[in-house]
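Input: structures, listed below.
In the two assemblies presented below, subunit A is common to both, partnered first by subunit B and then by subunit C.
Let's look at the complex of A and B:
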């Protein structure tokens, strides 16, 4: 397999497999959670569970002030890398073309040099979070190999994308192929790692907010 | 409680896992933020007190029983099965290292309701025989004598006689058709008779009918604290039966945090049907009296004072504004703690913690948080609405040689009641 064949394979069959695993995996995991159900609630409500659920879904995006003061680094670097990922994934013009192929519609992107700078900041934020995970007593204690694995498969697509854009590895089809492959690895493992939180946090926040809302507490 | 075995414990863990718990474990990214909300971590600096870590046994059961990936992992020997030794080790974290205060549930970025899980994990711990002695004994006493502290009806009767003599007011017992059924906590019967006296005076002023039920005067529910739904249900049933027999409109939960959670929020779910009466915390009832202009007070406390929010009333109960409205009626120099209301710090003795003797040392250690909050304010008096918080804080203050009187809010209001003559 030469570089061109490799690129064609990752853009073709491998991409199809990755999409299939991602979509089926996410659906399966969500069903695995939701089908467990929960017991009925008989206590007379003080407030609305539904409203509480939606409320927490939104408000939990912001940090409680006293908690922010205790853990500013995790929270700031956390925001930076999440926002950075969203921007790079959704607003880089070549990515939008991929989405257009898949979804049939598109949107306008940001200038590539700007995305480039954001990618660097995102890589830095992720790197800082990795160092923090290794150094911070609580994070070091809590972390398992799965946490480091999730970090690696999130970091690699950004790194290879950056290297491809700057032609840091030759030939170009090879590094582009590696970039696409790293994304496919991310897609395949996404449903089976903590990355799944991107979807399940909607359910988690909703249940938490609904539990609190029912009691008239703003969680 | 039936005979505890590891197998029963394992099955109890399995039974407790529902969609919320599965969504919580699926969402955890190990960010460590929950540790920053937990006074057992902030005051000891020991990472083992990180709330999500306390749930490791429950997480293992969830992963291996309810996820395909976990089943695969188990098949290929990539994960270890939960063991009895592990549960024995986690007993200290789940009980001595947690007061069910629920602060962690308020801060988790992905929205995990951690205390919901710990409450449920305790069901597994009890069934496996890994609950603390102090709590097991309290639960046994609650079932056999009616009270976790072993207080029987004659003790209450003696207090009733005493209060009747002091106030000249009648304390109604088993009065059918009264509007309110008043529950008490053991702690109040033994240590704080002022509460019953206050209720009698206030009810007299507002002109409401009320009663105590001889068959169900105890509000404390040890079953909830230890995590034994069968015991919790039995204790709730006693109150429900009495309330229905006496045909009361409202059951009043006393100045106790967990008693309120037990009867108001968990109660109907434990017996599997809605109540035919309302359940209110005494502060809710008093605030209604205030709103309707029935509660009339005279004079103000001039001392600089603050209010300690019991966790089960604010974060887990939704009673936040009522104590503030009531305090404004009788306190001219009321100040708030740095974290108050739904983000207040626990006294360190909730969730049955105060009944665990061997946890006394860590309870004193984590009390530093409350001590710092109080020192920041330089107050002369501390008001609260939970007899358990009150005892725990009294002990804490004593350990740190701090002089600060603590009073119950109901009792403070009763002291400022405009007498019925002036009222008319």
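Let's look at the complex of A and C:
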């Protein structure tokens, strides 16, 4: 297989497999969770569950001040890499073209050198978090191989994308193919790792918020 | 000794002056990216070298490659290159026909055994050997027979180099490239649909001058012409970096000459010299004419999805159906899993045994 055949494979059959697994996994896991249902609430409501749910969806986006003081690095780096990922994934022109092809609509992007700078910051933030995970005794104790695996499959698309843009590997079609492949690996494992939090965070926040709202207490 | 005149003799015979000859050597040096100090050496080598015998084999092709080489304005490098070689056999260009043509080929093969250059354009069908024959000889047989006594093989055009358009899915003739059939001779690929005439000329000049093929990349292409992508050398590259793209072929961006990436330009993954050597005597190249690069010098360019779909976009056209089936399958498995979980919960309730305080009391014996 030469590098062009590799590129055609990742743009063709491999993408087909990846998106099938991603969609299958997300629909399967979301339904599985939702069908668990909730245990009946026998207590008389002391507040609005719906309001509590919505409120918590928003309030959990910012961290509690006391929690922030205990681990500012983790929270700042966490924000940086999440926002960075959103910007890099959603606002780089070639990425937008993929979404346009899949979804049928598009939006405008940012200049590539700007995305490039954000990608570097995102990579650094992820790297800082990995170092912290390894150095921090409690965090290291709590970390499983699944945590490191999720980190690797998130880090690789960014790294290969950066390397492709800067032509750090020759020939270019090969590194472009590696970049697409790394995204496909991410897509395949996304629903079956903790990365699924991108979807389940809404369910979890709503569940806690609605529970607390029903009881009339702070979530 | 060879029956061929030396290149110097041949050029003088045509009334080409020493000055023109040195100019020609300068051009040869420059297209092969050699330093100026090499020019006298090239002149010396070409002066005394007999014309290189070359046999041109045309298989499943459209003659575009030959057109590319010959449709240049005379007198040019491409015209002069024919003075470097003795083109002993070429369907389209030779005057002889039928048996006379084939005997010219056989005579060249016998007279220069082990020393002639074979230039191939077109792919070779293996599906049915009768799909393409010359004088009753199948393409694969003729290739193997001619290449057996060759010094080197030059696969000209994407069809000869990688199978090209005949090789495109579903490949009805079972077309293959030269390098998939020939393993025991030096091969150089000069892909392109058609290839750049100056590149053909440069490679032949290099071979005649130095007696060997130039440095090649992983796809056996001469690095001096295929070392960089179209995108790397594209004059529209600054627009790509700024994020300025033509959205259609007649919008304001297109008129301003912005980057054609969104319109499907394959320049970023295409290695060729179009952006620097250009076409039609240096007039322009496709992107300069407002159309994206098709990637014609890369293997399987015909199977890389629509020419007008951006490079980043997945190739397959059935993604919507795949996604639909995956969604349905996921939902089905999700519902089944939900049912199993409910069953487990129900079972747990059924199995639950009520414990009273008396059960927990110690049995006083």
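As a working rule, the second predicted complex is superposed on the first by the 219 of 219 C-alpha atoms of A that agree within 3 Å, B and C clash if a C-alpha of one lies under 4 Å from a C-alpha of the other, contacts with A are read in each partner's own complex, and residues count from 1 in each chain.
Convention: a contact is a pair of C-beta atoms (placed from the backbone, for glycine too) under 8 Å apart; a residue touches a chain by one contact, two chains touch by 3 or more.
Keep in mind that what you see is a predicted model, and the values were worked out from it rather than measured.
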Query raised in the report: Looking at subunit A, does subunit B or subunit C touch a larger number of its residues?
Result: B
Report task. Name the contact category of A:47: first (subunit B only), second (subunit C only), both, or neither. Result -> first
Query raised in the report: Touching A:209, do we find subunit B (first), subunit C (second), both, or neither?
Result: first
Report task. Go through the superposed model and pick first if A:6 touches only subunit B, second if only subunit C, both, or neither. Result -> neither
Query raised in the report: Is A:137 in contact with subunit B, with subunit C, with both, or with neither (first, second, both, neither)?
Result: first
Query raised in the report: Given the touch rule stated above, what does A:109 touch, subunit B (first), subunit C (second), both, or neither?
Result: second
Query raised in the report: Which partner does A:36 reach: the first (subunit B), the second (subunit C), both, or neither?
Result: both
Query raised in the report: Of the two partner chains, subunit B (first) and subunit C (second), which one does A:28 touch, if any: first, second, both, or neither?
Result: both
Requested in this report: Go through the superposed model and pick first if A:197 touches only subunit B, second if only subunit C, both, or neither.
Outcome: first
Query - Which superposed partner A:81 touches (first subunit B, second subunit C, both, neither) - result: neither
Requested in this report: Using the superposition described at the top, list the residues of subunit A that contact subunit B and also contact subunit C.
Outcome: 28-29, 32, 34-36
Query - subunit B residues touching subunit A - in the complex, by the definition given at the top - result: 17-24, 26-33, 35-37, 41-42, 45, 47-48, 50, 52-53, 66-69, 105-113, 116, 264-269, 271-275, 278-279, 314-318, 320, 338-339, 342-343
Query raised in the report: What residues of subunit A sit close enough to touch subunit B in their complex?
Result: 28-29, 32-44, 46-47, 56-57, 60, 63-64, 66-67, 70-71, 74-75, 78, 136-144, 147, 192, 194, 196-197, 200-201, 203-209, 211-212, 215-219
Report summary line: subunit C residues touching subunit A in their complex are 217-219, 229, 231-232, 240-243, 245, 261-262, 268-269, 271, 298-300, 303-305, 309-316, 318-319, 322-323, 325-327, 329-331, 333-335, 337-339, 341-342
Requested in this report: Flag every residue of subunit A that touches subunit C in the complex, lowest number first.
Outcome: 2-5, 7-8, 11-13, 15-16, 19-32, 34-36, 93-95, 97-98, 101-102, 109-113, 167, 171-173, 176
